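The chains carry the letters A, B, C, D and E, assigned in the order they are written, with residues numbered from 1 in each.
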């Protein structure tokens, strides 16, 4: 029992670290995008301001029970993703609850949050919410195809599904990273990653929120605060997942920050130069090149 | 007595021909009748023995080989009666059908098909 | 020998009358032709040593059967239909 | 013993006397007539009984006081006794049925009928070839006249055609007989047969051959062989149904017996030709029957087909190629006799010839039930005689190496099933097309009684045969007994029937489950437990639900029997019972006519594949009695494996063979859908389990076969999910989902390792729970809203919160999101596939499960979220019994999610030592060679997070102001009609567009094309039956030429 | 065109088959097994001179009973078809030709009428003679019956309005048939089997009253056949 409680405490600490890191990253990305566009952009702590602002909102509307449950689902998904994954290799306190499950559990947890989000937004009864959800779901599921293949390629390569074991196998220098030892799988994974991070050009499902209405704006006050928090956690957690899978994991928080930041930059810079895809375009894109790359990855990995 | 055999078979062929080509139902029945006559001739030939006499015993029994075979004759007897009975029945059908439609053409009676 | 010739002669007549019966437009003639055919056949049966059959054929095949046909004709029509 | 001569004495004596009774008291003639028929029947039954009990020897009866061959003799052996008894029974019943018509036409018609019966008896009994001819003429002439009983143009024409064909047959017969007499010097069939042998190969053979040919030709015409059977069809079509019944049942049987006597005379060279002719007729008649729209003629095609089949059996039997052919022939014959007569009789009662209008019968449940029974018998469903015959036939043919024959016979049977059940579909669901809807079918009491008598007799014969054929018949009979017992409750309130059924299932389970172990235990607990829960859900029924509970009970019982079966026959028996009962359940749906037919045709095809599979394995797929599923091991050959796998793939709706499934699952009644989709779909899984156990992996080609099946499973999973996402209809969505989910199970099983099997079985249970839950929830929604289109719903969360929770739990479990049960199945599956090295399949399965997410969301969103429609603002929560069943399932899901080990550990035990042990438990963590999963911990973490975060949210959020659902802003305006803004129709359009390349329903198109092609061939072929007597004559002659060519092929 | 080709094909095929029969035909060189038996033993077994009759009535008696049944059936069938219901062409809207009514039927000439009055009884008596002597000379029940029927035909021709006494006909038809079956039954009870004619003494060869019950049976057959044929003719003649 003590073990569990101790682990829970450690995990909460990890959560705090990652959450703050995630919030900063969000702010940073906003600035970078603004600079690329030739604007100054908001300060880096803008996400904190946003959360505080929304938390202090006094008016609140509720459409029903799912309005509560949706954001909770969502954040459980985000935190769960983080909690079932080792953040720093070798660190005892940053192992979280990774003893409870392997990479399959982790990737399925991605859906948990998505589902909650979708349910909550849909209860609002606003058609744009539904459209946004539909787009998000459609695109994300399509991105899962190359990701699944990349995952299987890794499983074939390492004969394990345990993230810890996969990270362990990549220790000992950059030459051992899956990026090097299994470049095709990494490529497939990264292509999927673009979609999963929902950055441009795969950010069309966020469009309804740009029209001043849609899921995030329909949620407001504390609900929105919860969701924005989650967004940062979720973001960071996905980066950590990919870092663990393809880029040798991290042996310290510092390495983790460097690697995930680099990873994010790739996505952001790759994204800003492309125009936004429509949903069916992005789906088509995923079931062409990334799919082919993924299959190639599996074939090559299984061959060995 | 191959001549009778040939005649019988020729009549049968003629009957087949008529049955296939005639559209008049009475002529179809006539074709059947012709075929039957041919058949009966074949049957009689089958029982014929060269030099044999009719299978009717007399007081002074002669040697048996001098009779023709009586069995086919008995069979033909039956066949004739049955044939005529069936033909008569078919004609009754035709009369009744004619009563319905006023036609003897078999092509006018294709109500049930396919 | 004469008998064979007679049979052949009758046979030819029978086949001819059969063909005639099938081709004539007059059904009455057709029925009568078949009747004649039957009658000839009964003569042949007699020659073939089958008196019982000959009698039956003459009485039933040639006689009553023809009458039945004629009755049937009377109750329908004696006109033929077109064959194709 | 009463000499059978009295049959003729009674018939002739009474027939000659009847005219004198014309003026006698009314009813006297009828009484005498029926008494005479009864007397005739009694004589034959007396013989049959004495022979069966061994009280007498075969009877040889000499006439005229001389021994054969000098006079005509008769024989009553077993075969003769069976045939005359059956014929006399049918004709007696037929006479009772027809008595009003006959008496209305005067004594002449009764005389005709009496002599008709006598003629048939004579045909069976006589041992003299010319006497056979005479009796054939008697039968023939009587039937020519009887065909015209109604004196309408159609009947008269048919009688005339019949007479012409009969005359031709007798001409050829006489020509053959006289030549045979000439060379053998005798007319006695037994002496001829022995003497004919000596002629083969001698100089006389060249002269004899044409005569023998003509003899056989004549009997083939009498047997109505294709294509020389146009006249016969017109006869069945045109005669009064009661007469058609007698011709189809009686005189066809007598003709069959005649040819059975004749073929040995013709010699062995003819057996093959006759068998081929019979098969061609069987296939052709049934094929052409596909296009038939009129009941009488449809039955005509079926009759002719059956005669062809019987001819094949008899010929092959005589040839010595079919070991137990007598049993096959008698079974088929009696089955045909009673079932066909029964259907003709029903046609007579309804008086409706167009099958489209057979909806008239639906208002008479008793008649409809009789019709269903006859249909089942005719299509060879158990327990009817044809089932046992067909099974034995296919077994014998395979063991004799006659595979091609099996193909044709099964093909023909399939056509027959198709058109028979098309008709039955119209009867149940067709309604009445044009007018006259006020008419209620009236049958006179004696007609109804005769039909019931026929059905009862058929059942009795079925019971007798079943006792002879199947091991442990008492156990196998249980489902039928249960269903029949439930029929007694039909008049009670549906709830009473439901409770009785529930009690029956529970009691049966209580009796049977404690004695089981291994796979039978697993599947029985699954089927019976699941069945009980689903039965609970049906208790909301308020409608009459006639026949629902018996069929449901039959289906559950047959599933249990399937799992208990220890021989191939038992398995197939249970399989077919299940097919039939589930077909009826599907057909109960309001718009289920076409889907049910499709279901039936595909199921029948699948069943035939299974049967062929068993046969090709020599009938010994199961080792023998007692060797249940659990006890099997060893390896099969390639062919049986493929056949069985294909058959089971049909049942699990593997991609390409799935076209029946969406309709069948979706169009059944709502609670039936739940049962069919959640329980019945596992029958195919059971099939695969048992097949794979039996086959093992040792045989050649196994690697390719298993990976093929694995791929099919994966592709099925993918397309099932993809199509589900595109459905507008909630039940169709779930139906496609079921198809996809079963794909995972097949994939798991095909992996052939411990993890895969545990995955498949675990997923079966899990799928049962969540899919049953979803279907029941949707059933409740559909019950209240009256629509199945999701876009017509929306916002129901407020009105039906309980159902909403069910659906939400259901979809979380379904989509495989942790912590609920679905995840366990997925996790096990991926591990199994990785172990097997099937990475691509695993990736595809993974992708499928993400696509599953799409439809899951769609289901919950479109029904419960979004904007509510005004029409549904006031609807109530689903009925209590439905909700109760759902919450039982939810509790089960929660329990298994919390502690997966309580489900997985027993399953591991059941899978047992068959494979290398790969899975290990450490406390609550399940270890595979690749990863680990602690379901308990995951559940705890998620619950804790959920609770904590929910509390936080409640603490930090100010008291919210509740707004109405439609209180939304739309481009800065409050929409006037918010309900129109429910975004649900064509929800995943981008997906549809992106995948348009592979979303084309290729399989449906392919099968449609197959169907259309078959129908086109049928439509084309049937035009040879132009109704023109002249053309029929030409066809008869052409048939002669074909037969000749065939015989030459057979001789060489 | 195809049809003609098919018909030609059929005829050619059967012609070929018949040709095979003709070329292979050798004809009987002697009596076969059962024929020999009939010829050798027929006299002592049954005492009939006309072996064909012996075969027809006794050896193959069941055939003959069947044959009589066929005739009976045909008569019943014809009676059923033509007797029941009114024959009206209006049912199907037929037009020309057809049925004659009483007016169009001409009266027969006087000579025919008178002549037939004399000849008809004679023919009938001849018919009876034929079947009574069936076991001795050619002819028998069928031929005799047919002759009697011809007499009636003559009667019909000479007296177009003559109508038969249906009751008598019916009773003859029924009784002769029933008694025939009854005699067969007697054979079963008293002699060797159904239709065995030997329950009456075989008697002296060549006599009318010999050959067991053959003359009796054949006479009944004659009556029966005559009655049936007359019935058929009557039905066919009657213009409804």
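Here is the rule we use: contacts are C-beta pairs under 8 Å (C-beta built on N, C-alpha and C of every residue); 3 or more make two chains touch, one makes a residue touch a chain.
Owing to the predicted nature of the structure, the values given are computational and were not obtained by experimental measurement.
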item: Common touching chains of chain C and chain B; value: E
item: Common touching chains of chain C and chain A; value: none
item: Winner on C-beta contact pairs when C-E is weighed against B-D; value: B-D
item: Chain nearest the overall Cα centroid; value: D
item: Inter-chain centre distance, chain C versus chain D - centres from mean C-alpha coordinates, in Å; value: 57
item: Centroid spacing, where centroids are CA-atom means, of chain A and chain B in whole angstrom; value: 97
item: Distance from the mean Cα position of chain E to that of chain D, given in whole angstrom; value: 53
item: Computed distance of Cα centres, chain E from chain B, in Å; value: 15
item: Shared interface positions of chain C, touching two or more other chains; value: 51-52, 56, 60, 64, 68, 71-72, 75-77
item: Junction residues of chain A - those touching two or more other chains; value: none
item: For chain B, residues that touch 2 or more chains besides their own; value: 1, 6, 12, 16-17, 20-23, 45-48, 54-56, 71, 73, 75, 77-78, 81-83, 85-86, 88-89, 91-96, 98, 100-101, 103
item: Full enumeration of touching chain pairs; value: A-D, B-C, B-D, B-E, C-E, D-E
item: Residue ranges of chain A in contact with chain D within the complex; value: 8, 55, 57-69, 71-73, 75-76, 79-80, 83-84, 97, 99-105, 108-109, 111-112, 114-115, 118-119, 122-127, 130-131, 133-135, 137-138, 140-142, 144-145, 148-149, 151-153, 155-156, 159-162, 213, 221-223, 225-226, 278-280, 283-284, 287, 294-295, 298-299, 301-302
item: Of all residues in chain D, those that touch chain A in their complex; value: 795, 797-798, 801, 808, 811-812, 815-818, 823, 826-827, 830-831, 834, 837, 839-840, 842-844, 846-847, 850-851, 853-854, 856-857, 860-861, 865-867, 925, 928-934, 937-938, 941-942, 944-946, 949-950, 952-954, 956-963, 965-971, 978, 981-984, 987-991, 993-995
item: For the chain B and chain E complex, residues of the former touching the latter; value: 1-2, 5-6, 9, 12-13, 16-17, 20-21, 45-50, 54-59, 61, 64-65, 67, 69-71, 73-75, 77-78, 81-82, 85-86, 88-89, 91-93, 95-96, 98-103
item: Complex interface listing, chain C residues touching chain B; value: 4, 7-8, 10-11, 14-15, 18-19, 21-22, 27, 30-31, 34, 37-38, 41, 44-45, 48-53, 56-57, 60-61, 64-65, 68-69, 71-73, 75-77, 80-84
item: Chain E - residues contacting chain C, complex; value: 50, 52-53, 96-100, 130, 138-140, 142-143, 146-147, 149-150, 153, 229, 232-233, 236-237, 239
